[in-house]
Amino acid sequence: MSDRQAKIRELAAAALSEGRVDYFIGWKQGFNPSEVIPAFVRSADEVDELVWNPLAHHNLTTFLKRKMPDPPNARIGVCVKGCDSRTLVALLQEELVDKERIYVVGVPCDGIVNRRRIEKEFPDEVVDISFAGDTVTAVTRAGDSMEFAKGDLLFDHCNTCRYPNPFYADDLAADPVPEPEDRTPMWGSIEEFEALSPAEKDAKLAEAFETCIRCFACIHACPVCVCWDQCVNRSRRPALVGQRVDTKENLMFQMVHMFHVAGRCPSCGACDRACPVEIPLYLLHRKMNKELYDMLGFEPGVSLEEKPAFQTFKLDDPFGEH
Amino acid sequence: MKFLAQDQLQAFLGHLAGESRVVAPVKGDDGVVLFRPWSPGTEVELDVLLAKQSAKEFVFRQSETYLRYGYAMEGEAAAVVDDSHEAKIAIDDPAELRAAQDAAVTAHATLVAEPVNDAPAQVIFGLRPCDARGFVQMDNVFGGYGGFYFDPYYNAKREATTLIAVTCRDPRSTCFCTTVGGSPDGTDGVDALLTQVEGGYTVETFSEKGEAVLGFSGLADASTAQTLYAETVKEQAVARVDIAFELEGVRENLRANIEDPGWHELAMRCISCGTCTYVCPNCYCFNITDEMVEGQGERIRTWDNCFNPIYTMETSGHNPREVKSNRFRNRFSHKFWYYPEKYDSLLCSGCGRCITHCPTRIDIREVLSVMGAPRAAAAPAATGEEA
Amino acid sequence: MAGAQTNGGAKTRLTFADVQAGATTAQAGKLAGNPYLPQMATVVDIVDETPNIKSFRVRFDDEAVMAALSFEPGQVGQLGIFGVGESTFAINSSCSEKRYLQFSVMKAGEVTSALHELNIGDKVGVRAPMGCGFPVDAWKGKNILYIMGGIGSAALRATISYTLEHREDYGDITILYGARTPLDLTYKYDIEDWQIRKDIEAVITVDRDFPGWEGKVGFVPAVLEEMAPNPANTIAITCGPPIMIKFVLLGLQKLQFTDEQTYTTLEKRMKCGIGICGRCNIGPRYVCVDGPVFSMEELRELPDEM
Amino acid sequence: MAQATDTTQAAGTTPPGAEDDVKVVGIVCNWCSYAGADGAGTARLKQEFEMRLLRVPCTGRIDPLFAIKAFEKGADGVLISGCHPGDCHYSEGNYYARRKFELLDRMLPFLGVEPDRFKYTWVSASEGARWQKVVNEFVTKVKALGPREGRAL
């Protein structure tokens, strides 16, 4: 793991000192060692703050979407994991990001740890998370510690990941990790939800969306939600989504996000991790991708040549009445 | 000082619920702790220090209807929009029909508008002193302080609300209440304060509303040992909160640094969502919109925030805070410069929620230690990492 | 407005009891009880000013409210349609006009488009007056120079009326008004009046040649430079599109007008109009309560968020 | 959308006292299915009256969110109909739309809406009889399910 970190620093330093990028986006340690946050590095002297470990969950490609770069025409270096690279490919498919202005460092990934799962084990604050082999050690502020097996802490979409290596990268931070031979997607825990009755589903959704505060974190954290600053969720004309905050309108709010990223969203889970009230958004987005795969054999963001599913059609699409 | 035994807690809440709605931090099935209306038998979560959201929602509603109105059709106008099978006025052209309907709605309708202000008595139980202090800071804005307007919606709920806070035993590393003049055992805005001691809680009251809760028969007088224990808990808690930045001079420095390029650097990882403002116990900005269905409408106010990219966008398309870093600057400057200038107080109680819930963990302490301190002209890029 | 008091916050917070006892705020006036509630009003007249600007004359349904109405030149009001929303407009009828309040509305967004659909007799909600007016009393004995472009005239019309109604209190009065085309000139009835009067100077200009236009042609800042008004004992007040204001302010500076002599009135997206909702601030100042009238001196202190 | 909703209400045909009846929204394209429905009417083909029609220029204009919005606002069933594939007035609008509707059809059950409450189909201008059949079958199924009482959608 640390050799990937060293390689990221080396590649970033080279790109910055050669003047190929204005800034380089990677990950760094947050305010204490239990957090990893996005890092924006402007000079080769600062690359030592870049880190790589299984807490580096942020999908940094969201900082490439329109109106995010500062200045707007900046040339940007960016680190991507396998899933992140798929959102980048989705952006490139529609030319929403200028290929010429980005330098992509791909980081082969062994899976990302769900920090919230650790947090829930303690009433106290977790201030340190460290990794040794497959053992994860968490320490609280009061000094209590607990060990976990890394495999138990991985995000659902990491457990079922078929693309651990970046799809699109200018340079790699390590040799590709072994990939599953069978690339048939797996859909993880959504089956449990699928099995519920309509009334049970409705109740579960109501419970989850009742707490939504409409902070737009899901939409702004999403790399492929590109009209983020002009979102119809905020519009009063059309008034597709009511501004009244209640369960139904909150679900409608999320439906806008979901249907508008269909065909571009590879279920990277950025929205889910950004949600401050922990609404299980991955359920909806993975279900959507499952159905898309079933309908069209389509997986978002796995080919630069392909168009997103809803920007094209086939005369003989195998569904609907003829 | 009174003492409430742990096994009397449910009875105490039940007693409070007899007269008003009780709101308390409750852990959901998904492990998320939020303030929710309490019902008998529900376990109150006091071990997790801070609920995910502050309790402000129960006084300053996330969305609140403040005006209802209705257009009632009369005579000829009613005939135009009559949806019975035999409309009395037949208009074939859909565009014309639509125009006639529109005209009917606005032209000949009787408009009835009625104000709405619903404020049942409630007790917010189990909030922390920083949350209570957040209300005090919002009071300035909504309470007509300093010659401004008096907000009847906020104040109706505020006056009907009793705040029963619990001393923070185990402040988090993100807590910085003492930096901004608060304390883990602060009493600003607190009607009654509970402090966890062995076997229960000591109870202190600081207002008439607070004294009203002493009517519960299960309260005992606190022993000297319990009182001393509570003092120790408080002292230890205070010692565990670090001073995060130097408050002196922040306002002047923010003013001096307003055009500093450091704002761009700090805002780089901001995704411009509104999480920090919505979990904040004292961010109070809002939007006003009209919602109308079938001639019946409501004017509602909804939380809004300065990170919303269209928050300041004008009809012409001109946006004074078009750039992300300008919106970012507004939040921190508002809390530590704009608001203090108007109300001579701070708009931050140091709960640290904005740090822990920010999707990219933007740290208000870092922002203030960088931008609230003197900056050299043409300062280099900010990389300040909070210790 | 009253300045912020400097003792601890909680103690001076008003309560319902205080408000009922009349201990409310200077600005709140009759809205003190509930500043959010619009007064029901009826459209009594509509004037088509230009192809996309209409003036609405509205009268409060409550005669007592109408009779008690008083405002300062430069103050604004919220005009709204139930079911669509409210927007802020300058009150541009004269302060001495007791029959109605006039607002001029350019068709642009959701609310203004709906306003343009109104007919005489329709109901609207009005919250007025709001904000601060121009310090017309402090200007007594001075020369006044109005520099306006397009719909900017709406923000200054009440002030012009005031100074003309109190003509003897002021020195020379000069009005420079420009629009894109003659069709875009608002208040043509006022312009006729200004041009007839001997006691004021009115210069009307359009941006470029237009068939049938025999008046001046040229952008407002250029015409201002050409006029070269003397800054001595003169107050300059400008309002118009942001780009025009920018060049007019530069021009005034070149003509040696000081910041204290220069005033403008600003527009921002507003919702509550009472200094709470937070979106119309420029730094620590809220356009809705601290403005919309600002002197250049005040604006220099603020961040560049116009 | 708001405009479209208004039209539905204006054209609503619910007889008085029918609160227990279901509300069904039909979103149809101008060129085929609306004309088909017109044809059915002209031919006096008896149809279930719970259907409220909403006309759009082309099924390509229909965002799946229209249907979701209808459910959210209390519709008990949503039927979408347009030109047969290959016959779109704008050549290919319904091909794009077909993909969106299929995804919607598959997502709705996941959101707690019974499969019989949503259907997308194709009815041409000349198929008045087919329109009658489609409407009657669809509304009958929705009636069998009764009014919805969703808390989330």
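Order of writing sets the labels: A, B, C and D. Residues in every chain begin at 1.
We take it that a contact is a pair of C-beta atoms (placed from the backbone, for glycine too) under 8 Å apart; a residue touches a chain by one contact, two chains touch by 3 or more.
Please read these numbers as outputs of a predicted model, since none were measured by experiment.
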Inset, instruction - Report the most central chain, judged by the distance from each chain's C-alpha mean to the global C-alpha mean. - result: B
Inset, instruction - Name whichever of A-C and A-D has more C-beta pairs touching across its two chains. - result: A-D
Inset, instruction - With chain centres taken as the means of their Cα atoms, state the distance from subunit A to subunit D in Å. - result: 36
Legend entry - Distance from the mean Cα position of subunit D to that of subunit C, given in whole angstrom: 50
Legend entry - Mean-CA-position distance for subunit C and subunit A (Å): 49
Legend entry - Cα-centroid distance, subunit B relative to subunit D, in whole angstrom: 42
Inset, instruction - Enumerate the residues of subunit A that touch no fewer than two other chains. - result: 236, 239
Inset, instruction - Would you please write down the residue numbers of subunit C that are in contact with two or more other chains? - result: 85
Inset, instruction - Any chance you could list the residues of subunit D touching two or more other chains? - result: none
Inset, instruction - Under the touch definition given earlier, write down the residues of subunit B that touch subunit C in their complex. - result: 66-67, 69, 71, 102-103, 106-107, 109, 111, 113, 115, 136-137, 139-153, 155-156, 159, 188-189, 258-259, 284-290, 292, 297, 299, 301, 304, 306, 311-316, 318, 320-321, 326, 329-330, 333-334, 337-338, 341-345
Inset, instruction - Enumerate the contact residues on subunit B facing subunit A in the complex. - result: 28-32, 34, 47-49, 52-53, 62-63, 65, 170, 172-174, 264-265, 267-269, 271-275, 277-279, 287, 289, 291, 298, 300, 302-303, 305, 308-310, 323-325, 355, 357, 359-361, 363, 365-366, 381, 383, 385-386
Legend entry - For the subunit C and subunit A complex, residues of the former touching the latter: 85, 110
Legend entry - Residue ranges of subunit A in contact with subunit B within the complex: 23, 30-32, 35, 37-40, 42-43, 46, 49, 58, 62-63, 67-68, 70, 120, 123-125, 127, 141-142, 207-208, 211, 213-217, 219-221, 228-230, 234, 236, 239, 242-246, 273-274, 276-278, 280
Inset, instruction - Name, in rising order, each residue of subunit A that touches subunit C in their complex. - result: 236-237
